[in-house]
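In what follows, chain A forms one complex with chain B and a second complex with chain C.
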Partner chain A sequence: MDFLVFQVPALTAQAILDGILLGILFALIAYGMALQWGVMNIINIAQGELVIMGGYIAYFMYMSGIHPAWGIFVSPIIMFFVGVFIYKLVINKVVDRDMFISILATFGISILMMQLMNFGFGSDVVVAQSDFGTTMLFNNSVTLPNSKIFSAVVSIVCAVLLTIYMKKSKLGRAIRATAQNARAAKILGVDTEKVYASTFGINAALCGVAGALVAITFTLHPYVGLPYTVRSFMIVIVAGLGNLPGVAMSGMGLGVFEEFADYLLGTEFRIATVFFLLVLILVYRRFKLAKTREYLK
Partner chain B sequence: MKNLYRSILTFISVLALVFSFGTANAKVEGDTIVLGAAVSLTGKYSTNGEHTKNGYNLAVDRINSMGGVKVGGKSYKFKIIYYDDESNSKRAAQLAERLIKQDGVKYMLGPYSSGLTKAIAPVTEENKIPMVEANGASRSLFTKGYKYLFAVLSPANQYLEVAIDLAVEKNGGKPVRIAQAFEQDAFSQDVRLGVLDAAKRTGSKIIIDDKLPKELNDMAATLAKVKAVKPDVLVVSGHSKGALTAIRQISEMKVDVPMLAMTHCDASKLAKQHGAKSEFALCASQWHKTLTYKDKFFGDGIKYDKDFTKAYGYAPPYQAAESSAALLVFKDAFERANSFDTKKVRDALAKTKMQTFYGNIKFGSGGQNTAKPMVLFQVMCKSGKCENVVVAPTKWAAAELIHPIPPWSKR
Partner chain C sequence: MLAFTKRELYICGALLLFLLVAPFVFVNFKLQLAFMLILIILAMTWNIQGGEMGYNSFGNIMFFGVGMYLCASMQIGLYFPLAEWTESGGEKTFVHEPDQYFKGLALGLAFAAMIPPIIAGLIGYGILGLRGHYFAICTLGIGIASGELAGGIELIGAGQGMTAPPFPKGLGDLETRGEFLYFLCLILLVATFTFIRWLYTTRFRLVLNAIRDNEDKAEAMGIETMRYKITGWMISAFFCGLAGGLVGTMVGYIEPVEVAFDGREMGVFMVLMTILGGKGTLWGPIIGASAFHIFKESFWTLFLGWQYVALGVLIIVIVIYFPEGLMGYLREKKPEWFGEVIDEKDRKAQISLD
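Our next item is the complex of A and B:
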């Protein structure tokens, strides 16, 4: 084990800040997943592919001479319609079915999207340059890329706006009502079909924003979506369903945890450690559940 | 009724037999030598698969138009049967079986990537089918004792050894401190072994040795460590994604190292995508157009570059060049064997000693090319335009290595 991270204070600060910035971006993606999971009871395996597709929209803006950061406005609009389209095409047929069927269906969509992106954009790895520069802290010993700070700020703004929208707007209330009890909502006049379509669209739009941010902070490739799906799944599992502030916290927590795992155990164990943590949390949850008294409903 | 059933069955069996004989002789059809190749036309290697296919095709056209292959006083033309392996090693192995068993192919060309070559090699070996491959550099391909596998390219462990030697040379012959980050895949780990060898040989010390998970596209932790321990040379290998991520984050985190050596700079179009941020990066490459090797089919590198660009509309990356070289090797072997017998062709391949526009080719006992050194180029920028310029080995150096890399505060 390497304790370099604790011997150099700047490294500790760097690890925490990197982890938080990374975590916030992932939390945004997880936020969409949690919303959709809660409302429609669908685990979207194609989440990462939606992110990457959103990223490609920003990349194409960059290639045509527009600053890729504007992608955070354009990409969600396009992705909203992509989301609604996917809903109308596939998801509405599986939305009331078993969760396993929805996993299969979205898995199929993810493969299809990967191949389509490969077909349309090629299999080269691409990056969009934001040229946002770097923020130096503590006498230049801690460096934070402004693109990452920008991503975190945009993610937070998006999450706050969405929370307000969910609380105040008519559609937001309808979505929440459907999440609580779809049948009752339907009886009381909520068009659940529309609610489902918009929920899937909103999720895709969130992925669109996240994609634009990924394009300027990381790299894009048609096949790189899966880690985003897995990560957001993990964040939602850790936070628990319907717990949106929890999503933000668990996103950041996992980010920091991952960074420290990297420093302490080595980069090769970074992702393994996060998965190990996931298993621990699931076992703990199961253990806690088993302790509560079971009764027939 | 029973008789009718029996006669139909007999008829079908005879038909099947005739067809199987028909395809078994398909190695040479009339005046055509049929080669088989499974290449990634879809999936994650599709871009490089395309380069491989274009490289093969250009060489086939060139050889055919310049008189073809002369065997037994008769002139033959090359033809390649392609299948798409979908960048999937299981599929590649299946397709190799299909090429050999169903299409009756007797001579194979390699796929793209070490992983897929590893999947195909056991199949060709078992069927005693000679395979000349141009895109599988993993060292483990050449330590298995394969007799029918020949690679025109230098093995992966040689990629960055040169860089370590160069760093030591620039350090006045004294050992250096190395930080390295390699992706966890067959190719990059082989590159790592080469660096470990070079470090041992020069007495250098490895102070950071990170293995990057394949799913990872964030190197911030590794780079923060590099900033803290200040090594003499930073070595990174992780395909195109690794190269692009490294440059992005090194420039964003303002990581100052005297020397930065990488792989896949040309495949990832590093100089184009990152511009001046990638300046001074040293890159290992199998080939560069300015090298002065020559052959009678393509002339030299510059001419190959021009012909390829004319045919396919983009400048050839080294993946295309080495693929073209594979065909030149086959032609040479057929002519020296003066036979289509796979054993004789194999023996002729083993004795290959030739120069192509791509480099000298001579196979070692494991099938790897031992005659061609790797080249290192450095990204150099002049008024906003960045180019790859060969800096080592000195024989082909077009410019002097810029060392150490100026700090970010002065760039």
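Our next item is the complex of A and C:
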């Protein structure tokens, strides 16, 4: 282990900035997770696969000569329909059931999508070059790829737009009403089935945007979806449902943590760190709540 | 306590007889059959905490993998330097004498049985305090994290994996090896079945069921739920570790993510088989695992390359349409088989109310 990252200020700044930009992207995925968790009370293990699929749409555009950044408009539209399709096929049968059923069912979807993507796009690690160049900060000691800045900005814009949409539009009000009390909403004439379908679709669309950004900034591989699911789950349980600033903050915290873990432990342990952090957070919260004889609900 | 009813005695006797002669009848399928026995063990032990206690774990694969690595490392490390063994990869520079092989295997299996329950006991206090889906996700994290971690340890071959000691040459050909391993698995299965069958007649099972049905109430009744939960998980870990050690010997090649800590396959299979058969029953996991394995072995080759797709579809279909499993289905159709008496008058009254 070398502690160079703490001794050289430039490296520290680099890690923090990288982490924050990365964390904003994670927060966007977590926002979608929190949305469907709050409204439909399901945990979607296939969240990461939706992200990767969105990424492959952008990659596909890149391969056919279109700039992959346009993926942030195209892939949410396609992913919205994919989401609605998955909802109609599977999710609507597990919405009112035990949460473990939904976890298992979405686990099945995740395995299915993983393999289908493997067939469709091959098992190579791919990246969509954005050619955005880099920004140098602090006397050229810190390098930030413009694509990362672009992804953070797009994520923030998306989250803000969605929040406004949720507040102002009719569908947004219906979604919030269903989240508060599905039965009362139904009695008052809200078509909850439609609300659920569109919630899942919106979540998938968010994943589509996030995926396109992942394609530009990082690499894509059919099997790397699960870490994204776990990250978003982690962010949601730290922040709590329906706490958007909290989601943003804990997303950035997670990003910074990961960057530092990368420097300290080495990249090969990155995924292991993410999963261990999940276990640690859950166990910590469990002991904290146990003091007042409560448990995570 | 262990009294069999007459029907049970016939079923068990017939099954045991079948399993005893099976390797000599289906000579070519010995290892597949041995694998089926292992799957039955895994499903039965998953059922202890998943079905009876209501703590759905994706993390039992960790005990399986730890057992696998421990068994092989002990068997090698007892006589040869482990680091050099893993470094030499497939090269057989070190050869176990028959005597060394069996002593090593016995010691390895002993460790594979003892260490996983200790791990379960140590982490159990923290993790079993989580409930429902939090427990499920947390154990999913543990399963995958342990695989990633094992892939970073040089001593046991890191991402490349290691080979388990091959069966000593002087003792006979592949047939003998197959028979030896098959009967080892069969002994473990019979031991597991007897133990679990006994366990389900004790108060312990009732406590586990109370925890599943309403943990707060169980606690309020004065049951120290945490102690029972940890014990239940440790029992699960004990058999999982043993099964892992045997699978390592059977497969002969141990790789962290695809063989030992294969949360995407074996870890889900355990859950799936139990649900397919029926959670919270003695025979459910046995039926589920057998049906699943037979289905998988007969049709998997048809899906050539599409196995994971088929697996995903299978999970979704089972979870959505058979959440109660085959036993639950039978219970609904033939309640008298389960000793349930239905009052005809009562049933009619209920129908007329609808």
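Here, the second predicted complex is superposed on the first by the 258 of 297 C-alpha atoms of A that agree within 3 Å, B and C clash if a C-alpha of one lies under 4 Å from a C-alpha of the other, contacts with A are read in each partner's own complex, and residues count from 1 in each chain.
Heads up, the rule we're going with is that a residue touches a chain if its C-beta (ideal position, glycine included) is under 8 Å from a C-beta of that chain, and two chains touch if they have at least 3 such contacts.
Worth saying up front: this structure is predicted, and the values here are computed from it rather than measured.
K.L.:
Now for A:E259: first (chain B), second (chain C), both, or neither, which partner does it touch?
P.N.:
In the superposed model, A:E259 contacts chain B only, not chain C.
K.L.:
May I ask you to decide whether A:V126 touches chain B, chain C, both, or neither, giving the answer as first, second, both or neither?
P.N.:
A:V126 sits against chain B, while chain C stays out of touch.
K.L.:
Would you sort A:L226 into first (chain B), second (chain C), both or neither based on which partner it touches?
P.N.:
Both partners.
K.L.:
Could you say whether A:E268 touches chain B, chain C, both of them, or neither, answering first, second, both or neither?
P.N.:
Both partners, chain B and chain C.
K.L.:
Of the two partner chains, chain B (first) and chain C (second), which one does A:I156 touch, if any: first, second, both, or neither?
P.N.:
After superposition on chain A, A:I156 lies in contact with neither partner.
K.L.:
Determine, under the contact definition given at the top, whether A:T143 touches first (chain B), second (chain C), both, or neither.
P.N.:
Touch partner of A:T143: chain B, not chain C.
K.L.:
Under the stated touch criterion, which partner chain does A:I109 make contact with: chain B (first), chain C (second), both, or neither?
P.N.:
Touch status of A:I109: second partner only.
K.L.:
Looking at the overlay, what does A:I20 touch: chain B (first), chain C (second), both, or neither?
P.N.:
neither
K.L.:
Which positions of chain A sit in both the chain B and the chain C interface?
P.N.:
In chain A, residues 115, 118-119, 226, 230, 268, 271-272 are touched by chain B and also by chain C.
K.L.:
What residues on chain A touch chain B, complex-wise?
P.N.:
Residues in contact with chain B: 4, 8, 10-11, 14-15, 18, 22, 115, 118-119, 122-127, 129, 134, 136, 140-141, 143, 145, 147-148, 218-219, 221-224, 226-227, 230, 259, 262-263, 266-268, 270-272.
K.L.:
What part of chain A is in contact with chain C in the complex they form?
P.N.:
So the residues of chain A touching chain C come out as 43, 90, 93-94, 97-101, 103-105, 107-116, 118-119, 226, 230, 233, 237, 268-269, 271-272, 275-276, 278-279, 282-283, 286-287, 290, 295-297.
K.L.:
Where on chain C does chain A make contact in their complex?
P.N.:
Going by the criterion above, the answer is residues 56, 126-127, 129-134, 136-138, 140-142, 144-145, 148-149, 151-152, 264, 268, 271-272, 275, 305-306, 308-309, 311-316, 319-320, 323.
K.L.:
Can you name the residues of chain B that touch chain A in the complex?
P.N.:
42-47, 181, 184, 210-213, 215-218, 220-222, 224-225, 227-229, 239-241, 244-245, 248-249, 252-254, 268-269, 273-275
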